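In what comes next, subunit A is part of two complexes: it sits with subunit B in the first one and with subunit C in the second one.
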Partner chain A sequence: MAVLEVRNLSHCYGAKTQMQVFAVKNVSLRVEAGELLGVIGHTGSGKSTLIQHFNGLLTPTSGEVLLDGENIFKDKATTHAARFRVGMCFQYPEYQLFEETVYKDISFGPRNMKLSDDEIDRRVRKAAQFVGLPDALLEKSPFDLSGGEKRRAAIAGVMAMEPEILVLDEPTAGLDPRGRDTILRLVEHYRTETGSTVILVSHSMEDIARMATKALVMNRGEAALYGTVDEVFSQGDKLVSMGLDVPAVTRIFLSLHDRGVPVRTDVYTNEQAAAEFRRLLGKEARA
Partner chain B sequence: MIRDITIGQYLSGTSFMHKLDARVKIVCTFAYIITIFLCKNFWSLGLMVAFAALMTLLSRVPVRMLLRSLRPVAFILLFTAVLNLFYTKTGSVLFQWKFLILTDKGLYTAVFMAVRILSLVSVSALLTYTTTPTALTDGIEKLLSPLKLIKVPVHSLAMMMTLALRFIPTLIEEIDRIMSAQKARGADLETGGFIQRAKALLPVLIPLFVSAFRRAYELAFAMECRCYRGGEGRTRMKQMKLGVRDAVTAVCFVLLIAGVVLLGRFFPAVI
Partner chain C sequence: MDTIIQLRNVSFAYETEEEKNLAVQGVDLDVRRGEFLAVVGHNGSGKSTLAKLFNAILLPTEGHVLVEGMDTSDEEKVYEIRRRVGMVFQNPDNQIVATIVEDDVAFGPENLGVPPAEIRARVDEALRAVGMYEYRLYEPHKLSGGQKQRVAVAGIIAMRTDCVIFDESTAMIDPKGRREVLETVRKLNRELGITVVFITHFMEEAALADRVVVMDSGTIAAEGTPAQIFADTALLQRTGLELPPAAQLARTLREHGVELPDETLTPEQCADALFRAAQKAGVV
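Let's turn to the complex of A and B:
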C-alpha cells in the first residue's frame, strides 16, 4: 500500500476573488514506502505549494492527501499528527535556527512531540550523526557554525522527529559543489539506513536522475510527467519543450540525434551514454 | 493570512490629485486638519465638508475605499460623540433622564467632533491613496530640509523611512516562511494562553531578527558599493517641480482658510 497518496489535489490562492490563481491543478500521485521521489519544475510551477500539503501546512482547495490510507484533513488532531509523520525541510532551512545551542535546536521537534528526555537525547544524537555533526558542535550556538554546518543542523532538526516521509525542498540551494555532494550523500545514507521514504525537490536533473526511483515533473501547477525515472527522462524532448534543463548527457544525445546521428535519445546517465557510444562505434567499425 | 495586510495603501491613478506635488499635498492636508478645528459654526463646517467632497471627486478614489479607511476609527468616533453628547452641561436642556442631561450645545459638539474626525481621517486617507510611499518620503525630506540648518539629519531620516516601507513586504514574507518552518517542526502557534503564545513566538522572532540584521548589513554594503554617501551633493532622478496645478491648489486652500475665518466672523459660534 502507498504510504502517501494524493488524489486530485488542487490549490487555489485568492479563492473567490478576481485574482484567483491555481498554484496546483488536479495532481494525483502515489508514493510507496522506501521510494525516493524526485520533484522537478520551474520556480512558480507549484512544487513548493504541492509539498506543503503533504504535512497539512496548506489545506487543499479540493482533493485529498492520504497517509497510510487516512485523510490527514479529517480532523485537527490528524492534521497535527501529520506534521510529525511527514518531516518537512524548507528551502534555506538554516534561517529557522533559533536556539542557544545546536543540541537544543535539533531537539525542538522531538520536544514538541512530547517525548521522554531519554528518547529526545537518543534522537538528537542519532540525527546529528546522520548529518555528520560532531558532538563538539552540539554545544555551540547555531549562529557560530559555517553555512554548510548550519544547513546540516537544520536538516537534523527535521530528521530528529524520525518522520516516515522526509520532504526536502531544494536542500542543496546556494551551496558549493562539495557542500551539495555532502548533503546528497547524507540523504542517500539516511534513506538506506532508516528505510524511510524521501521526497526531494531539486533543480538539478543530474541529482534526480542519479538518486530518485520515481520522478514528478511539475509544469504550471500540473503534473506534466510522472513515473519512474526511466519513463520521465526518456522523454527528454518534452522536458526541453517545457523549458526544463535535461541532464547534460541527454542534451548531447538529443543534439546528436538532431544532426542525423542514429542514437537513442533516452539516455540520462553516464553509464548509458558510454554503452550507447560503444554500440555506435562498434557499428561504424563494422561498416 | 498574514500577507493580506497592506501598508501604504496607494491606489495607482492619473487623477488631478495623483499628479499634484507631494509637498503641496502634505502641506494642504495639514492645513486642512488645522482649519477644521477653527470651524465654530455650521456654515464653515459645511464649507470644509464640501471641500473634502470636491477633493474626493478630483482623486477618483472610489467612495468604498474611503469608507474602508474609516472602519478602524468607527469606535473612537462613536465614543467621542457619545461622550461629548452627555458631558457638555452648558446650553439649554433638551432632554433629561435621571443623571443624563442632553443640551443643545452638547448635541452640536457631538456632531462637530464626529464630522471633524471623519473629515480629517478621510483627507489623510486621500493623501496616502494618491501618493506613493516614495513620493511621500521625498516630499517630507524636501519639506523638512530647512531643519538641516540646526543639524537635524533630514536625509538620513527620510532614507530610513523609505527603507522601512520597502522592507515591510519582505519581512512579512519572511515571517510567513519561518512560521511554516517552525510549524513543520510541530510548533504550536495558535493555541494556549497569552504567556504560552508569547513564548511560542520566540522560535519565529529570533530567526526574524537575525535575518533582519543580515539584510541590513547586506543592504548597507550594496549601497556603499554604489557609492552612497548620504544626502550631501546627491541629485534626484525624479525632480520635484511645482506647476500650475500646484499653484491653483495652493490658492484654493488660502481661499478656503480665508472663507472659514470670515464665516466665523459673520455667523455666531454654536459650540
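Let's turn to the complex of A and C:
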C-alpha cells in the first residue's frame, strides 16, 4: 500500500475573491514506502504549496491526502498526528534553530511528542549520529556551529521525530560542493538505514537524477510529469520547454541532436552519455 | 595590464573576546581592469571576507587594499571607493530599499548628488542594461529572486561603477534566475567593460570567467584560467571543489576512450567538442 497518497488535490489562494489563484491544480500521486521522490519545478510552480499539505499545514481547497490509507483531514486529531508522521524540513532550516544547545534544539520535536526522557535521549543521539554531529557539539550553542553543521543540526531535529516520511525542501541550497555532497549522502544513508520514505525538493536536476527513485515535475500548479526518474528525465525537451534546468549532460545531447548528430536525447547521467556516444562512434565492442 | 584593485599582503581577523580568527592571511592579488574574475573556495575558505575587503566594508587588520590607488583604510576616500566598486550580496531581499523598482535604482545616484535629469537618464539606461526596463514601475516584492538581483545590479551601475563584486549573488535563487543574473553580468562585462569579481560555489559559473582564484584557509591556493584550475585534480580534491558538470562528462568520455580537447568546461564547449569528434568519425 502507498504510504502517501494524494488524490485530486487543489489549493486555491484567495478563494471566492477576484484575486483567486490556483497554486496547485488537481494533483494526484502515490508514494510507496521507502521511496525517494524528487520534486522539481521552478519558483512559483506550486511545489512548496503542495508539500505543505502532506503534514496538514495547509488544508486543500479540494481533494484528499492519505497517510497509510487514512485521510489526514478526517478530524483534528488525525491532522495533528500527521505533523509527526511527516517530518518537514524547510529551506534554510538553520534560521529556525533557537535553543541554548544543539541537544535541546534537536530534542524539541520529540519533546512535543510527549515521549519519555530516555526515548528522547535515544532519538537525539541517533539523529545526531545520522547527520554526523559528534557528541561534543551537542552541548554547544547552535549559533557557534559552522553553516554546514547548523544545517545538519536542523535536519537532525526533524529526523529525531522519526517520521515515516521525511520531506526536505532544498536541503543543499547555499552550500559549497562538499557541503552539498555531505547532505545528500547522509540523506541516502538515513533512507537505507531506516527504510523511511524521503521526499526531496530540489532545483538540482543532477541531484534528483542521481538519488531519486521517482520524480514529480510541477509546472503552473500541475503535475506536469510524474514517473520513474527514467521516464521523467528521458523527456528533456519537455523539461526545457517548461523553462527547467535539465542536467548539463541532457542539454549537451539535445544540442548535438539539433545539429544533426544522430544521438538519443534521453540521457541524463554521464555513464549513459558515454555509452550512447560510444555507440554512435561504433565503439561498443571496445568496452 | 591596468589594475583596478590591488591587495598587498592583506590579512583580516574576526576578533571575539576569547579568540582571534584569521579569515584572510597575507593575500596578494591584483584585479585587472575589465576582467571577469571568479573566486571559489569551500565554506569558511575566506572568500566572502575577501569580497568585503574590496570596497571597505571590512578593513584589513594588516596590509593594504588599494582601489585605483586609494587606500580603503583612508576614511576620507571611502565614498569615492564605494562609488567605483559596488557589491551585490547573497540575499536578494536584503538589498532592496524602495517600494518601486526605478526608485530603488535611483537610490545610489541620488546619494551621490547627481542632478535629477541625469538620474532619470541613468536609471533608464541601467534598467535597460540588465533587461528590467519593462519592470521599472513594479513593486520589487513581486519580482523573482533573479529579477531582484538584476535590479540590485542596475542600482550599482547607475552609480557609474567601474567594478562590481558579486558575493555569492546566485546562491539563493533558482537555476533560471541564476542564468539570468549570469547572462546579465557577462553582458555588462563584455559590452560596458565593467570589471567583475564573482564569488561563487557553482563551478559551472567559474568556468565562464577569464581567471579563477581558489581560496583555501584564508590564502590563495591557486590562480589561473578555468582550464588550468580545472585540470588540476589534486588541487580540486584538496580544496573541496569539484569539476563543472560538463567537465565531469568530458572526463567520463575520456575514460571511455573518446579524445577531447583540454578546454571542455562549459556545455557549449563540450557540445562543440563532441560535434567535432562525431564529424571526425564520419557519423555526421
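Everything below uses one rule, namely that the second predicted complex is superposed on the first by the 282 of 287 C-alpha atoms of A that agree within 3 Å, B and C clash if a C-alpha of one lies under 4 Å from a C-alpha of the other, contacts with A are read in each partner's own complex, and residues count from 1 in each chain.
Operating definition for what follows: a residue touches a chain if its C-beta (ideal position, glycine included) is under 8 Å from a C-beta of that chain, and two chains touch if they have at least 3 such contacts.
Just so we're clear, the structure is a prediction, and the values are computed from it rather than from any experiment.
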When both complexes are superposed, which of subunit B and subunit C contacts more residues belonging to subunit A?
C
Which superposed partner A:Gly69 touches (first subunit B, second subunit C, both, neither)
neither
Examine A:Met88 and indicate which partner it touches, taking first as subunit B and second as subunit C; both and neither are also allowed.
first
Tell me the contact category for A:Gly157 with respect to subunit B and subunit C: first, second, both or neither.
first
Which holds for A:Gln96: it touches subunit B only (first), subunit C only (second), both, or neither?
first
With both complexes overlaid on chain A, does A:Phe108 touch subunit B (first), subunit C (second), both or neither?
first
Touching A:Pro134 in the superposition: subunit B (first), subunit C (second), both, neither?
neither
In subunit A, both subunit B and subunit C touch residues none
Given the complex, residues on subunit C that touch subunit A span 41-44, 90, 144-145, 168, 171-177, 179, 201, 203-204, 240-242, 244-246, 248-249, 252-253, 255-258, 267-268, 270-271, 274-275, 277-278, 281, 283-284
So in the complex, which bits of subunit A are touching subunit C?
42-44, 146-148, 173-179, 203-204, 206, 243-245, 247-249, 251-252, 255-256, 259-262, 270-271, 273-275, 277-278, 280-283, 286-287
Quick one: in the complex, what on subunit A touches subunit B?
52, 55, 57, 80, 83-84, 87-90, 93, 95-98, 108-109, 112-113, 143, 157-158, 161
The residues of subunit B that touch subunit A in their complex are 174, 177-178, 180-188, 202-203, 206-207, 210-211
